[in-house]
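Dropping a structure here in structure tokens format, bear with me for questions.
Labels run A, B and C following the written order; every chain starts at residue 1.
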């Protein structure tokens, strides 16, 4: 019975989403209630499942041979599914307010809700084919969200998004084929499934394939040569940028790489090879690159998007350390970054929504007019920088700890990159904060008389995120213990 | 049960007769007859498939019970029957889908002629599928060429005339080469019946006699059929003839005619020369290289194209490249992948052509992308069909294209590195290129604009909508229930030997 | 238990009181705000004294992560730091009661002033590296508003420079922290160092690099070359009492951190004789000389004082880098002396600005006639900074020079004292002209225009106290000296 629930949490939001444009809602309010109910019910179901995990797997579809679409909830899946379903109801609440002024709301919420199902599908995939399947599906259901505003910019952005994502999947596909052919099983097994006894060819080739697949999945996680889609996709409404392009979609990429590295190829095989050094160098470069671009960028949301690029590579850096501790660091940052970035994006969204300003230089003096929003933004900025006491420090600490313990010289360089990125983060985040709270001498507050804090619907999720950041920052131990168990294959 | 054995022969004769009768009928009746005939062929092929599948063996049907060299033989196993069934289904859907355009684009007095050609084409395709005689195959190749030419030309404007001439020219070169090869083969073996030739070739290969003539024959036949099926770089005739002919023709030509030749080539590989001998001749390597080039250059040309029909046509070049690449791998797995891709591509490409017609109809008959903006909203069903087709082409899971991609990739992994790496990388690049031009189109047709063109609801043309839905179902079926189909192909190939 | 309460109270009370001041929205009357701030400063002073009397115990507040506790621990060195902080902070606070009259946003200023006070107390009490790092970061953040207080373009740019230099330094230190996490037995500050020699074996170079980065990183706050550039930019733009506090105390936080890292984590023995020590000595000496030179050439009084801070801070660092008890004693003494002196100097500069608006040294002719008490204080503390007996500066420099000679490090043994001497001459060169011109304006000075403009009591009293203190520690050093010598000896 419980196994069927795995299917339900994936299909329920998907189906409920499809129904949105078909149902005759009396007015906007009813639609909101419907959607929020769906999302909350689904989240409750997911959390119930997390606490009574079914051991078995549920097979939905069978393709040729041993290829099938199967769901299974293991430790890693729990973390991602838990994260997604915790954030989704809040983000949905926020988007009700945000989308008030936008058109085609029904279509928007249809895809928005469907995405929840697809993301949970990625999380609960039991084998690489299922994951690939949902991965492609994710691209498809999120493209309309990028396209939403239908401006020329949005069209171009959605095209870029599609090309990059599908292209990345094409390379990830190669890796998948190898796992299918040379794996002892197609299911995810902690420690890898590669059956080297069966493989007669060149080991370097296998490593090359790993690098290709890493880059392929890395496209969604915005690693360096393939990251330009992410800032462009910032034209989407803020709930999309915040939830999808800072959490669900991009973290799916990172999640897929975790699966690929720890559950398919196996760290035993990869550790110490040139493949590890290659992918680690890429992530290190991306960490610095993303931050530098963020410093240059003057559009608020795009700046945050560049920051996301850099932070995603923190996660990937943790993954490429290829020790259980590295995975712990990566998972910690996955959770922490999700909370921090969604919070800062929502603040940016609140500014855009209430005032229509979207460039950094337009924010002079906003701190006094929107004290709550900018107070929260400041906290998220501190968290992103890694100020102790907030969650950013915890994840950075864990990543660095893993890097030090691995005794890998390149990983030491990675720590350096993390810290350079931290100082750059300080630059690009604090300049905003300072502008807002300390405008130039003689600033005329009358010029921003129209600026004010948004209502509780927007502020509630924001405050909850702040609480989350502080709790994660001060008492992360239970979570880290969980991650340690997952990363050691015990959970 | 036993009567089922006669069905292949019946269907062949039925379609030939129908073409003769059609010439005497008016357009309306010719159409009805044609639809009936094709449906009947479909049903008969299904029965045949059922028969071979249950008995799990192949049959040789001697016409009039005369044995060679006087008589003519038909041979059918799982694969042949499946192919015939599939061809008739696609043919039926293509004709129904493009029906409305026929009335407009074809001179009403010539409408029955169109159905004559269609029936002729069907019979030649069936013959290519079923025949066990190399010379008969050649004859029907020519018939096929002529009827295809007619299908292109029937729209009667400057473009189609030019395209048809070009097609004719290239095709004749192709069939000329095929004929040369066939003559040489006859010369050195003394047989025209496939199974007999194979025995002789095997002996020749073992003794090493006539080595060079044998290789030359193989190359002639291979290249000839490659030209006819528009393998890169022999594809110059293709975009015009698919792009400007009437919708049904384009759908049929792209999905069936070239596939008929390819199927004949497979038969030559397996039934005439023998797989091992071919493999030794290195023809596979040549095909492999050209296949890869086709995959890339076809897509590149498609990206540059500004005309939706021609874009789809160029995409065919790429897809045919996939098929030849599969041959080029030189393994059974590669062959299975190629044959699956024949199915997959035939289903998808005809679907795209039919969907494109719906979109252009909703955009004032213009095929230019700029006019197609927002067409997906004006003709919902066509838009949806086009989207599904595109996704399948890009290789998104759930649709048929994904399965063929996965089969190709799996096949390539088990061959040597020198072929595996190029295959995988070109496969990935080609996927990206496909994504670029198909997704660009999809995004465009869903970009709303204020447009003067009227919307077309599905109620205005129910049969079109039904055809579209059938196409979608067909595609999803291929994508989701691929396992029995792959098994079928495997058993069919086993029966070839 | 009682220790933890008294420490926490001393830390949290000013932080919360300051936060309350920041958060409360309605505009109170100026008098009320001042009364509030005064009371808070007073109570904090009492609380600090209470904390100083506690025993040295390790208090684990809570576990941030496994093996990463947040620890409070007030040891001898910490107590010293706490005492200086409180004295200077309370006196500068009193000074600002009058001074801040001519600035806007007083409430914000006093709010952050109090919060920074609490954070600094926390820094003194921090018992392990993680805690100290956390407090250190907070210190940068909460002192930032003090720097950019008047929000002129110049101030904001200077503030950003301050912020980013500080963070850069902090992150360099963080790099080292990560390595220390692995290669030490505990991060809790323990005299003599906590390196886990078994694990560290074979990774000496790595650890030395980490130590070097931590030194340079924390050195940023202490204005050490090559990352000193923020200091002369940031200190002068702040309101004078804030500059006094920044230059007197915040820079000492860097010194505190370096002492903690070298003597309490790595252990002096690990660093002694390595390239890190030589590098550290070299950097310190370069900074000493360069700071003095730059101060000598600078015409704006507050900037001149800021450069002087750069130079004087490196005296302290030099003493630490010698890694012997005598040098360390000199450092600690100089830390105290410099805190009082520099604070007094900045307050004088503030008083001058407040009363006359003069910022440039050349315009100060005859100032001694206008405000004699202020300039007398200025003169006394200047003499202290130069190192003329019987002021505090003399004793500290004496110990520093002795320490250098004792150290026996080839090259530095003699180069150190010589450079210190040159720098002392330069110090005389840049401080004494103010006094000389102030009291002896020359023949062409127009005495008719002269009018007395001595500042009010709230300004003069802290000045006098500081001046007296700077002399007292020089004249009656014995009690202090023996305390410091015990502490220093315990660290070797």
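Here is the rule we go by: contacts are C-beta pairs under 8 Å (C-beta built on N, C-alpha and C of every residue); 3 or more make two chains touch, one makes a residue touch a chain.
Here the structure is a predicted model, which means the values were calculated and not measured.
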Of all chains shown, smallest offset between own Cα centre and global Cα centre goes to A
Using mean Cα positions as chain centres, tell me which chain lies farthest from chain C. B
Return the distance between the CA-based centres of chain A and chain B, expressed in whole Å. 44
Mind checking the centre-to-centre distance between chain B and chain C? Centres are C-alpha means, answer in whole Å. 84
Under the stated contact criterion, what part of chain A meets chain B in this complex? 61-65, 67, 129, 132-133, 136-137, 140, 143-144, 147, 150, 155, 158-159, 162-163, 166-167, 169-171, 173-174, 177-178, 180-182, 201-202, 205, 209, 212, 216
Could you please specify the touching residues of chain B with respect to chain A in the complex? 391, 394-398, 403, 405-407, 409-410, 413-414, 417, 421, 424-425, 427-429, 431-432, 435-436, 439-440, 443-444, 446-448, 480, 482-483, 486
Taking the touch rule as given, give the residues of chain A at its contact with chain C in the complex, in rising order. 382, 385-389, 393-394, 397-398, 400-401, 403-405, 412, 415-416, 419-420, 422-423, 426-427, 430-431, 434, 438-441, 443, 474-477, 480-481
Chain A touches which residues of chain C in the complex? 62-66, 68, 130, 133-134, 137-138, 141, 145, 148, 150-153, 156, 159-160, 163-164, 167-168, 171-172, 174-175, 178-179, 181-182, 206
